[in-house]
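Scrolling down, you'll hit the structures one after another.
Common to both upcoming complexes is chain A, partnered first by chain B, then by chain C.
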Partner chain A sequence: MSEISSPTSAANQVAGAYAGRRAADMPLARLVRNRMAMLGLAVIVVVTMLALLAPVLPLADPNAINTSARLKPPGSPDAVLGTDQLGRDILSRLIWGARVSLLVAVLAAGIALSIGTLIGVLAGYFGGLIDNVFMRLIDVLLAFPYVLLAIALVSALGPGLINAMIAIAIVNISFYARNVRSAVLSVMSMEYIDAARAAGASHLRIIALDILPNMIAPIMVLVSLNIGWMVTETAGLSFVGLGAQPPTSDWGSMLADGRRFILVAPHAIMMPGIAIVLLVFAFNSLGDGLRDALDPRLREGGR
Partner chain B sequence: MRRYITQRLLSAVIVLFGVSILVFMVLHLTPGDPVEIMLGPTARPGDIERLRAELGLTDPLPVQYVRWVSRALQGDLGRSIQLNRPVLPELLSRFQATLILAVAAAIIAFSLGLLLGVISAVNHNKLVDRVVAGFAMLAVSMPAFWVGMIGIVVFAVNLRWLPASGMYPPQGAPSWGKLLVHLIMPATTLALVPMAVIARFTRSQMLEVLGQEFVLTARAKGVPRARVIVDHAFGNTLVALITLLGLEAGILLAGAVYVETVFAWPGIGSLMVEAILKRDFPIVQGGVLVIATSYVLINLLTDLLHAAADPRIRVT
Partner chain C sequence: MPPEPILRVRGLKTQFQSAAGVVRAVDGVDLDIYPGEIVGIVGESGSGKSALAYSILRLTSGRIVAGEVQFRGQNVLELREAEMEKLRGDRIAMIFQDPMTSLNPLMRIGTQIGEALRYHLRLGRRAAAAKAAALLQAVHLPDAERRVHDYPHQLSGGQRQRVVIAMGMSCTPDLLIADEPTTALDVTIQSQILNLISETRQRTSTAVLLITHDLGVVAQLCDRVAVMYAGQVVEQGRTADVFADPQHPYTIGLLRSTPHGRRRGEPLRPIPGQPPRPGEIAAGCPFAPRCHLAEARCQHQAPDLIHIGGGRQARCLLRTEVAYEPAP
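Then we have the complex of A and B:
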């Protein structure tokens, strides 16, 4: 695959895009002016707060089974969003499920980001043999369609939420490694790198003080564009039964539960689905906004 | 060009080698004894020993790998534990169903995606452009397995326009018409994400080309706007679109897993999910190998096509 087809070739040049800026053009000001991105940020903050506060909120027990109140429609007096096939309160399950979905997505992104950045920086900075070896390994990872590799890994590790998270993290290492590597390459051509080298700075010093600070902007863009995908993917693995196992449940396993009652109670799949779309949409809007703010020349492209 | 082809072929072979090692290792990464897991807790010790010897699991790993690869190259991917049949024919028949689904989705995605992208670019920053952008953003944010279920509720259960699942009706002889009716919902569901990606990509490519000097020159010479858009801008966009083919193939093959599960489409994706849940490792291993190999070949083909269409690629 050539560079242009990589999911976010956009971040490539972000690092080098800071020449001659004025206050109104500062990335933060541009981001704040972007209404969609701000809306996305608001949704993310609200969902995160709800997830964090779940234990203290006045919610029904998400796992309390009440067979006399099965599949109640939304708007019922004691279940605003209705109940599922075991009479469990859907609103409460959504909020508790948000904890699982968010945590898994954030941890998976963190793992993929750390390993991917390490590989990308080493490959981009040292070049030559190291670059070649790492990039061939990445090529092997890229030889699998994303979900397929995750499925293969889950099959090896066994179904379960932690294993699903590890699989999703490994699958995304290539995404970060490739994009960080190209960002490093664009920084490497800057004169101050040559200056630092001429002044006798060590490799470690150049990487830590000159390269990594320049990676923060592109990495922020990469994470925000990637994390929505991770939420979907976790839900997907749970939906086909490879992720969250009972009694733990996330939005994906709620969808899988609801699927069997699709004819009599479509609300059981509507609610978790809307929650996923809302959160993923929010992350994607914020990611797009961040990318535009950090480098307006790079609108569009990527997913 | 010949040098580029050789180089590209060589790297595809290396990648396939890496893929084979990774796929081989999958079985050995499994915590615990794969044979005991395969046979389950009720297995007798004699059966475990027999299957272990039969699978050659007592040999050193490199020996096992070489044997596995040479068998795979001859089309022998082992026997399915659940179905007790050779893996390869089973995989290929299921893969055929997946290909039908993926190709149908690709046709929908490319035709609608190109159309939406061109409309957006031509109406840059107008209302139509914003609506398309919003729709594209929504489409990439919706999980296919959820969209599929909504589709079933609306079009199969309430409106009764389309069948809810399967590739053919349970009774009666299969026909093209029946296949087409069963294909509409899964293919459209699978097409949503790639369609959005193509629309966004086409739009940005078109805008880039429309801003270039030769487009301005053509307009100044008096070439009609519609012809500039179709001949000059769209023509140049198509070459760039080739690079998307590989990415799209990945999205389609991956998305197929979920869409097949929701619509009970008898493809390779749903087969593999069932196989993982039933711990049928030969099917999983073979399935991953078949899909990854075809994906590597698609990407190889994409790169060669792109090099043929754009001479600048071959140099770098």
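Then we have the complex of A and C:
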């Protein structure tokens, strides 16, 4: 998208054109220079690699119960991060749990993004009655507090990871729909949309060739800002027992398990807590960095 | 026997709904364009020039409430949307003011030009790419063969406007609507682009509807000119006639306020006041509040567009009508 910071002609700013821009001004260069964003990216890459490689890493069985080695502190010879109340290795459980947390967050984001983009594009492009109907429905969805709505949905669907994922996706549709709609409106104000209409292109062609490609940057920003929330929300649902069901565990259910021993073995709750904070922080700082690099106009946005 | 006009606009009215009420952007415009001629439309910002252009292509965001737009004898306002899409870009094309925003920044220029060729002429990808390169050569883009792979940001403003013109001309339309095609360019590039439009017209005998607020451009390029004020055509005629002997006080004012229209040594005289705000037009002649010739009757009697001889028309109560004569 365009850049506002340089005081060039108004046309240039709106154009979304990268004309005459020095290499150091290109979005990628600006992202790379952003240390927080790079730190976030590094954390995400490491966590993702660990999660993907979990089956081949030399880890203890995450579900192997060993009652003689309960609540061992971090730094123990066989358990670097200690063990939980059933003697299960916390490092191993964290890494296996990362698979669950990440998978649910990514899938939920994908579902919410697809449906939200569809609604946002239809509402923004066609406007009028379609816009009004969709946006009022979204307003209704927004009227509920996020977490409460997710809890209500899972209660209705029944507990479990799949249902938690569906609930989180539904809750986040409004976020994508509203932001995609406004991105569509800003692309629609460009003359190349009129030019495509004047050249005889159909609505479908314009949406596919002109609108969607020019929204990739803001959509990337939306997703990276949103996935952190998804991770938190998944953990939250698991924490209250509506997400991952035993023996599967994610970071939220580990948090829930550990809280009963917070006084005797604080590491059992701190380790998954730190992991959640770190990952969410990583996604958010990458998202902020992407947003600043790609579209400075979104700086005040988000939720 | 004069040829049939390629475009015949009659009583066209386009309105916008705004918070302040109904805005009559185009308010009963009649306009004929004959094959191969360049017709200029001049007027201040907000006079309805662009709204007229968008209405002809049925791309206006306002509502066309009355009138006819006959293109090659067919009223385009009655066409279905799919038929309209076939017409746009193929028989009537349009080019835009700002070459910085009228090209999709994420599509290679060759692909962008080829798009229209592919759906109007049903060309294959390869044939469309070859035709795109030829079109770019025709608009004198240097190194056209290689530039088809460029993205818009790799081109200068003037080069982009050449690409836009190549796109507009890709299917050799019967009518090219150019909405202030040189406004966003600097002066030296402006004249190059105008020459290109004129040259293209001669090569393809495409008629051009040129929208501009620059009387110099009209003098240089247009066979005929229509002056618009507050959504209406207030004067129409051959460019040379209108410039030599303007009949409407607004045209006189426009010419006096530009270096082209005044005699040597005569000071530039701006037209006093502002154009009426859309939706604020009262009864009477819309130009009366700013007119140096206005009489009492101008305040409450709206003038009609009358024929004043020589194929010319003016919308002023102070002119007397002459017997109807067919347009030249």
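As a working rule, the second predicted complex is superposed on the first by the 274 of 303 C-alpha atoms of A that agree within 3 Å, B and C clash if a C-alpha of one lies under 4 Å from a C-alpha of the other, contacts with A are read in each partner's own complex, and residues count from 1 in each chain.
Operating definition for what follows: a contact is a pair of C-beta atoms (placed from the backbone, for glycine too) under 8 Å apart; a residue touches a chain by one contact, two chains touch by 3 or more.
The structure presented is a predicted model; accordingly, all values stated were derived computationally and were not measured.
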In the overlaid three-chain picture, which partner chain does A:Leu50 touch, first (chain B) or second (chain C), both, or neither?
neither
Based on the superposed arrangement, let me know which partner A:Leu209 touches: chain B (first), chain C (second), both, or neither?
second
Touch test for A:Leu107: chain B only (first), chain C only (second), both, or neither?
neither
So in the superposed three-chain picture, is A:Phe281 touching just chain B, just chain C, both, or none of them (first/second/both/neither)?
first
Figure out whether A:Met190 sits in contact with chain B (first) or chain C (second), or with both, or with neither.
second
For A:Ala198, is the partner it touches chain B (first), chain C (second), both, or none of the two (neither)?
second
Considering only touches as defined above, state whether A:Ile262 meets chain B (first), chain C (second), both or neither.
first
In the three-chain superposition, say which chain, chain B or chain C, touches more residues of chain A.
B
Give one of first, second, both or neither to describe whether A:Ile115 is in contact with chain B, with chain C, with both, or with none.
neither
Under the contact rule defined above, give the chain A residues that sit at the interface with chain B and also at the interface with chain C.
none
Touching chain B in the complex: which residues of chain A?
1-2, 4-5, 7, 136-137, 139-140, 143-148, 151-159, 228, 232, 235-236, 239-242, 255, 259, 262-263, 266, 269-270, 273, 276-277, 280-281, 284-285, 288, 299-301, 303
Given the complex, residues on chain C that touch chain A span 57, 59, 85-90, 93-98, 100-107, 115-116, 119-120, 151-155, 164, 167-168, 177, 184
Inside the complex, what are the residues of chain A that reach chain C?
11-12, 14-21, 190-192, 194-202, 205, 209-210, 213-214
Name, in rising order, each residue of chain B that touches chain A in their complex.
11, 14-16, 18-19, 22-23, 25-27, 29-31, 137-138, 140-143, 145-146, 149-150, 152-153, 157, 197, 200-201, 203-204, 207, 240, 243-244, 246-247, 249-251, 253-255, 257-258, 261-262, 272-273, 275-277, 281, 284, 288, 291-292, 295-296, 299, 302-303, 306, 313
